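In the two complexes that follow, chain A is the common piece, with chain B as its partner first and chain C second.
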Partner chain A sequence: MAPHPARTQPTRRRDWSGLLFVLPFLAFFALFLVWPLVLGLGTSLTDTTLAKDGQFVGLANFGEALDDPVVWSSLWHTLLFTLLSTPLLVLVGLVFALLVHHLTPARWLWRLSFFAPYLLPSSAVSLIFVWIFQPDFGMADGALAALGLTPEIGWLSDPAVAMFSIVLATTWWTVGFNFLLYLAALQAIPDTYHEAAALDGAGGWRRLWTITLPLLRRTTGLIVVLQILASLKVFDQIYQMTAGGPEQSTRPVLLYVYQAGFTNFRIGYASAISYVFLGLVLVVALVQLRLFRSPEEAA
Partner chain B sequence: MSTGDTTATRPVGSGPLWTTRRARRSVGDGTTRLGGGPLVTAALLVITAALAVLWVLPLVWAVLTSVKPEGETTAIPLRWLPSQWTLDAYHKVLAAGDILRWMANSLITATLTTVLVVLLSSLAAYGFARTTFPGRRTLLAITLAGVVVPPQLLVVPLFSEMVALNLVDTYWGVILPQVVAPAMVYILVRFFQALPREVEEAAVIDGASRWLIFWRIVLPLSRPVLAAVAIFTFISTWNNFLWPFVVTTDPGTMTLPVGLTVVQGSFGLRYAQIMASTVLAALPLLIVFVVFQRQIVRGVAHTGLSGQ
Partner chain C sequence: MSPISRRAVLGGALAVGAASALAGCSAGAGLADDGRSLRYWDLFTGGDGATMRAMLDAFRAEHPEIDLEAVTLQWGPTYYTKLAMAGAGGRAPDVAVLHLARLPGYAPAGLLDPFDPDLLAEFDLTEENFPAAVWQRAQYNGQVYAIPLDTHPYVMYYNVDVCREAGLLDADDQLIPLRGPDAVLAAFTAAKQVTGAYGLVTETYGTDGVNPWRMWWTLYRQLGGELLTPDGRDLAIDDAKALRALTFMQQLTSSGAAIREADGSGSIALFSSGQAGFMWQGDWEVTTLLASGVPFSMTRFPAVFDNASAQADGHSLVLPHRRTRSPAQARATYQLIAFLLRHSVTWAEGGHVPAYQPVARSAEYRALRPQSLYASVVEELALDPPVWFAGSASTLWLEMGAALSPVLTGRATPAEGLAAAKAAVRRLLATPNPVQ
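Moving on to the complex of A and B:
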């Protein structure tokens, strides 16, 4: 046990009792994260299927994965989804937060409206949007028809459109989380900043650009990092809304992993694709760490 | 947990949060935060209301579909309102029985997962933040690296592991892999590090053990952030799809999101019933949010995730 002065002294007594606090978590961490990670890597070097334990095949699965056009196209779909959804989810979240933060009347109502979809399971979101995107009697077409438009959009049936429809549904579903993070950050900005600027004659629009947005920079960095990592993991809503179609135009890499493993029963090959993808995620994470690393975390 | 209580126990160390509430009281004209004339305010109010309507429209449409007679759901041109309001679809969905079972399964697995996450993560975070055992930094770094690993990638090897452990189609099979939450450990480490040490040090001088300090001092001081961790763990576990989908095949152990996806097939094209089950599935967490809205919104600030 470290008595008070120990904190400032350069040498500390070896104290193993702290390990007891960490051990229970580490046990689960090892069993259900590290072990499957190692197991997967081992499996990726074999031709294991769901039915039988495989033979060691070296890097054959990785070679096949790199030659498999579906790996590349599904990686591209994951990337495309990330590129389309991240800016939308960050910007819409910011705009909603600025509006709700600015308005006092019925704030709880606006907050509830924008956050509510985040509380739905992906299955509910997918069922609702498949229903909305129905041709002819769906709400999307119905709403456009009410505006006098009948553009005949194949929301989920046209390979050129389906990914955009999925991004739209995803924005509706998950923007509430970023919205709440921005709202919390806005509430932490002392009003005295604004009051001082107002005394100096700065209007609301000007204060938004010179005070609020610059103060939100750190928050934005964090939200972008979290959002990119979350978007790269896309699976649920695509699996449920289009199953990767039409013509595999929306199949993300995680769906291909799932299909290779549980539909084609090629566990070894599925693991190899997993590791190719994990490599990509790690690269993205490391780049972000370099870009957004805050000084305090270096300590 | 009362409002006064949370304010009183809020750590002095976390500066910005402390100023938040006081700053909010000094708001200028009462209707807007940033000033601007009444015209600007009115315009922003209209924009916000329009966006809010747009945002709840999909939910409203789901509810409207669910209360229509089945024949009207696919009318062309589309009918916004039912000619005759009916709860028929709800009766049929509830009579089929499975949805209540799935809700119970979700409630059990999400609750147990949440309890375990809060317990394991807060213990580990305290160990990382406040004790000095050798290897602490390395273990913390490994834990943080775990944040980056997409859980979906582990599904295939985890399934093999669950087969070996004989946990397929059991609650524990659903729960155990979800108990590992390195991101929550990270949030709690940062929070504990920001707590003032003085109180703990006084307790040490009085001869209190580490366990006592953790249970009697640190945890009570951390109630808001623990609530936030619990709430977000519960939401994400309640809604998690892929892992429960893989590890359960028996409708008796399926969770709500998994059952809902399966349901689509069994209802064929009965849209009123599909939407009724969707609405029922959405309801529990919506109610929880309406009740705990203030705590949840404030909890986010305590996670430090907002970057302030």
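Moving on to the complex of A and C:
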């Protein structure tokens, strides 16, 4: 969406009031984001610990991080969580929004019940789901048993299952945000489109595919970007539901950074891992930018 | 009447905000050093937290001249992070609680100050008043760095009704001591037949995740095994002994004598609702279980193998490093520590075994039931090796818990569990020591 070159330029008058308006934010941005970012990079080049200021060690921490199998396995867990949670959170959000948009009776109730879990703190959500996922007497096993099923799923105790359980809990907890964005976008689609299509004989599914979904594309793009970034930051619910277990099968990279820095006191090394992670997130962000920009520019 | 403009109000609010922010920065700078105010940190919540608050209130009542500020921080790595940073900054609280096994991670780095032997003698905080093994662990480089408050061993809880019905109690309603792996398995199986649900419940996985380590370390020490060489530099695991302990652990769950999958809170819920005959856990669940009303008692961890060692750590009081500490301030600090130790029979109600021997030998403590029934364990403590990565909430515990948990849940063989445990310890040994 570059500005059209033929557009007339407004009179060039230096007006600094705009800058004054953003100055408070810029000051906070520089003080609490840019400066710590620079400081952290400096720390990652030293062997600083919680107990002492470190010596400059060059890229030794980065070398160790790239050689550390736990860095790679925890990066994979973060990626796995993102790959599992993002499609689910986007699709479920969309389906819920479509349902609520068409369910006219007691719409406020549906809207509230799908969004309410999003307002809970992570500690409450984790506690609830740790009890739901208890072996034998938990609600999850109880519900399956009521259906006559006893599959003995180790919800949080089986390394092959635990990540899925966490994704399930996360979906219940945070899908409300995507749902709300989709619902707002749905309500912004003018009824006239649907009326015209209906007059032309288009059925419900036809209208969904050719009117609703294409018109939601920009919202979907936004939601996917926000969701991927949110999923990559996963820490709270895993720390509180499994602490990275069982057998470290759900330890995300941010939990490893926390353990290296705050349990093992190695601030320099922990900084280095977090900058490796930052690099990967930047790559993902750039790829996303390319993927989502091209179709819109073509349009 | 001049109207107050919005701009003036906003400007005023901003100035007030900035001023209070600056004041906040400087509040900690001027440390009291005249012995009239003390700052104390601990990590006790729940039952222990309430008990400690009562003891601190008693101190305040006895010493109205001292203004005592007590701060409770969250248990675990978060507490130890803050304590280390406070010590590194040299403006720490006057006194803080530290798990004794964490001392090798704190004393060598200069994060703590040593105690003054003369003042200790004056307040009767001397060697002969503490169990030898515990006192020895409070030393570093020939100086006293910690005053032990308690020992908290791994113990066995049992449901009195269930065990009576299973014929496991003597005439005085006490558990007949279990000796040897077969007797232990048989007792749990008998209890399971009574409850119809579980024999032994214990944490086999979960966020705390430490219990598999506690169990293995207990059993392995009962066989006389060592984790590290005496200098703490190399792995010294005896494979045969380690595997014997792990095989027994797997036998417990695979035979059905013990629950195969339970997390910490789940196992406590099962025991306190009467669905299990036995529970293995640290001694600190007494308060919770007393409140639940379940008919229970406690005893030492059984002698499954050659001796009756039990994994343990303990709380101690330390002096986080401060750049200055005046004689008056030191005296007030020692006064508080001595007070807490002399009154540690209150503390013992929460399940911990008092380290201060005048209290441990007192009739008042011996009358505490079930809290004093396992006190003799202090002669056979399985303490952590003295290295920087050991102790409560340490990486060693978390990593070993994660490596050994699948042996209990049946997802790994004892040999696989041992290989994972050895790999974890080797990784820690290869990690540069952050405190030296």
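What we mean here is this: the second predicted complex is superposed on the first by the 281 of 299 C-alpha atoms of A that agree within 3 Å, B and C clash if a C-alpha of one lies under 4 Å from a C-alpha of the other, contacts with A are read in each partner's own complex, and residues count from 1 in each chain.
Please note the rule applied: a residue touches a chain if its C-beta (ideal position, glycine included) is under 8 Å from a C-beta of that chain, and two chains touch if they have at least 3 such contacts.
From a predicted model like this one, the values you see are computed outputs, not experimental measurements.
When the shared chain is aligned, chain B comes close enough to touch A:V281, but chain C does not. By the touch criterion defined above, A:G40 reaches chain B but does not reach chain C.
Look at A:L183: by the touch rule set out above, it reaches chain B but stays clear of chain C. Set side by side, chain B and chain C differ in how many residues of chain A they touch, and the one touching more is B. Contacts of A:P117 after superposition on the shared chain: chain B is touched, whereas chain C is not. Shared-chain residue A:L156: touches chain C; no touch with chain B. Shared-chain residue A:T242: touches chain C; no touch with chain B. In the superposed pair of complexes, A:I132 makes contact with chain B only, with no contact to chain C. Taken together, the two complexes place residues 131, 136-137, 240, 262 of chain A in contact with chain B and also with chain C. Residues 47, 49-52, 130-131, 134-137, 154, 156-159, 240-248, 259, 262-266 of chain A touch chain C in their complex. Interface residues of chain B facing chain A in the complex, by the touch rule stated above, are 16-17, 19-20, 23-24, 26-28, 30-36, 40-41, 44-45, 47-48, 51-53, 55-59, 61-62, 65, 73-78, 80, 119-121, 123-124, 126-128, 130-136, 139, 143, 146, 148-158, 160-161, 176-177, 179-180, 182, 185, 197, 201, 204-205, 209-210, 214, 235, 238-239, 241-242, 246, 256-258, 260-261, 264, 271, 274-275, 278, 281-282, 285-286, 288-290, 293, 296-297, 300-301, 305-308. By the touch criterion stated above, chain C contacts chain A in their complex at residues 77-78, 80-81, 84-85, 87-88, 105, 109-111, 204-209, 261-263, 265-266, 269-270, 389, 393-395, 398, 401-403, 405-406, 409, 411-412, 420, 431-432, 434-435. Of all residues in chain A, those touching chain B in their complex are 1-4, 7, 12, 14-22, 24-26, 28-29, 31-33, 35-37, 39-40, 43, 96, 99-105, 108-124, 126-129, 131-132, 136-139, 141-142, 145, 172, 180-185, 187-192, 194-195, 198, 203-204, 207-208, 212, 218-223, 226, 229, 232-233, 235-236, 240, 254, 257-258, 261-262, 267, 270-271, 274, 277-278, 281-282, 285.
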